[in-house]
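Scrolling down, you'll hit the structures one after another.
After this come two complexes, each holding chain A, first together with chain B and then together with chain C.
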Partner chain A sequence: MSKVNINIASDFTTTPGARKKADGDFSGEVFREKFLEDLFKIPNDDRIIEITLDGVEGYPTSFLEESFGGLARRYGKERCKKKLKFISVEDNLLIKEIESYIEKCDD
Partner chain B sequence: MKKLYKTVKFRKYNRKRAERSNRRRLRHKEKKRKSRILQQTENRTNKKYLYSKTYENKRKHTVEIVMPENCSIINNTEEMLSIFRTFRKYVPKQVQIFFDMSSVSELTGDAIIYMLSMFDWHRKKRGQLNIRGNFPKDQNCSNLLRSSGFFKYMNTPAPNIQHSKYILEIEKDTKVQPHLAKNIVAFTREHLQLPRNKKTKDIYKTIIECMANTKNHAFEARSISPLWYLMSIYDEKSKDVTFTFLDAGFGIPKTIRINKAESFLEKIDKLMRKLHKDIKLINDMELIMQALKGAFRTRTIKGYRGKGLPAIHQYYKSHSIENLIIISRRGYINLSQKNRVLRDDFLGTMVSWKINKESLGGLI
Partner chain C sequence: MIKFIFSVIGFIIGFILKGIFENWQTLQLTFFNITIIDVAQLLITIMIGCYITYYISNKISTEQKRKEIILNQTEEFAQSIREIYKTTCEYIAKPTNEKARIILAKFKNASFFIDAIEKKLTKKILKHHITNCQFQFLSLKASITDVPFMAKDSKFCDKDIANINEIYKRLYFAVDEFKFKIYT
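On to the complex of A and B.
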């Protein structure tokens, strides 16, 4: 099974913003559209997406929720859980936080 | 001179007339004084308002507002809010308003930011404002005012402006500005000599959450513009960094979702305001606390929204930020001391917190 690596700090930004494009720069919506949605559009694409979360100033809740919760709302929780893999050496709790956003995306 | 004016009879008549007129004038003056004192005493005993020291000169069309010695919204909330109520009262009269700050001996960033937001709001609403003022005699307060960045937004001569490496000057914007949040974190790390870790990341997140709240909730459709203000100050003596964030929107209690009973109470409050009765049935302090604790209060009615305030509360609980104070409308939340209901409205929402290396000591 092939892998796609995304390093948020080097590929996107070290300063993640808020939820929507209209909120300001480096929003969760922009990240989702630019990096994640293309990898979910093909139904039978079983590549794993490995996302490195380290090296940024911090992840606001709205950024994480819109990126990953928003992705789960569009493409389903199960598919997200199956395809996304997170790496964080700096903050272990961050992965649990993202998983909870995916799990509670429809609430 | 006419002969008549020299006669004894006329002189006697004239003296009596002058005395009578003088008595009438004094009687009127005394009556006016008594009625003013009575009015003030009544209001004070009713505990409705605090009166700010104001001198009105109707002939010169000027009003002088005397700022208190303790010029701080956080430490002297009631008095400061009464002063800004007076300011709002005189703005529509289009008089020159003079802020006498000479006696100020304690000045904090929150007061400067609130003053700036007030000026901006009224300038936008009414066009030109005629505001003058002086500097505090206290040198520290004067330096803080000059180097706070307040005068960047005022029409003032260049010599009044200073810069300090211990102050990150006031910035204002309408959108979320991640690079600014990064600069503030860098400023904190530099002065407190902290490495980049989970705690400093929480500072970044708190700032972004505040900015995002302004953009998404504080203003809604009726707004003039979603402006926020932010500054941070490093205190060399106490070795802490204070962050002050203000959005000049409607305030948390006005922008969160309320239930039917609360909506009914809000309508009564509105009616009372129209009848000039200062009765408030909705407890703003309670509403803010519920929003902080993560109660389902988002007006978007989406469960995955409205996580900003609970996240800030979480950072406080995990000791990433200290001395968290939130003031909005009539709610004053000081999580490390005591919450209270204010007598005057605070227009907007102020979030203030501190970082101290000592307090983070064991946690870094």
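On to the complex of A and C.
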């Protein structure tokens, strides 16, 4: 099974913004559309998306919820859980936080 | 460890010799009718006794040290939370990008501490308490850093502020309870 690597700090930004494009630069919506959606659009694409979260100043909840919770609302949480793999040496709790947004995407 | 056992054995032999010399006049001759096996048995008993004492006291002191480290990290975590709350109050009064970045960096720092604490826990009851702290911590983060945080014209309404205050209090009490449980 092949992998796609995304490093948020080097590929996107070290200062993630808020939820929507209208809120300013580097929003969760922009990240989701630019990096994640294309990898979910093909129905039988079983590539694993490995996302490195380290090297960023800090993630606002709005950014994380819009990126990953938003993705789960569009493509289903089971598919997200299957395809997404998170890596963080700096902040382990961050992975639990993201997983909770995917899990609670319907709330 | 070996040095300790030999020191204890040396001390005991010295103590016995002192007793013999002090009570030389009153000692019965039969006292010296002991075999090598008797001496070996006595030494083995002393060694086992010393080892068990050493092992237990060492275990108690290691556990005490571990608790102190956990308590120190919990204090650091509580301090980070107080700073987050203070900076959030300033941000609500006058939102700036700089303050928002400080809040996010402090959340990252606090997250490191609570994760480090969790990794050191072995007791189920403490794990249960730290999971509650983590839950309240993530709730506080969500109440502060979700909309309208960092949004254009960022303005927290009274309901948002009341929610932040409520969750902050819950986290504060959860951390206090955890600190208390470390020593019970």
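Couple of notes before you dig in:
By our rule, the second predicted complex is superposed on the first by the 107 of 107 C-alpha atoms of A that agree within 3 Å, B and C clash if a C-alpha of one lies under 4 Å from a C-alpha of the other, contacts with A are read in each partner's own complex, and residues count from 1 in each chain.
In this text, contacts are C-beta pairs under 8 Å (C-beta built on N, C-alpha and C of every residue); 3 or more make two chains touch, one makes a residue touch a chain.
The shown structure was predicted, so the numbers you read here are calculated from the model rather than taken from an experiment.
Of the two partner chains placed by the overlay, only chain C lies in contact with A:Ser100; chain B stays clear of it. Of the two partner chains placed around the shared chain by superposition, chain B is the only one that A:Asp25 touches, whereas chain C remains out of contact. When the two structures are aligned on the shared chain, A:Ile8 is found in touch with neither chain B nor chain C. The wider contact with chain A, measured as residues touched, comes from B rather than the other of chain B and chain C. In the superposed pair of complexes, A:Thr61 makes contact with chain B and with chain C alike.
In the superposition on chain A, A:Asp91 contacts both chain B and chain C. Residue contacts after overlaying the shared chain place A:Gly69 against chain B, while chain C stays out of touching range. Touch criterion met: A:Gly17 reaches chain B and chain C at once. When both complexes are aligned on chain A by C-alpha atoms, chain A residues 15, 17-19, 22-24, 57-62, 65, 90-91 touch chain B in the first and chain C in the second. Every residue of chain A that touches chain B in the complex is listed here, in rising order: 13-19, 22-27, 56-63, 65, 69, 90-91, 101, 104-107.
Those residues of chain A that touch chain C in the shared complex are 15, 17-20, 22-24, 57-62, 65, 90-94, 96-97, 100. Note for the complex: chain B touches chain A at residues 175-179, 181-182, 185, 196-198, 200-205, 208-209, 211-212, 215-216, 303-304, 307-308, 311. Within the complex formed with chain A, the residues of chain C that make contact are 100-101, 103-105, 107-108, 111-112, 114-115, 134, 137-138, 141-142, 144-147, 149-152.
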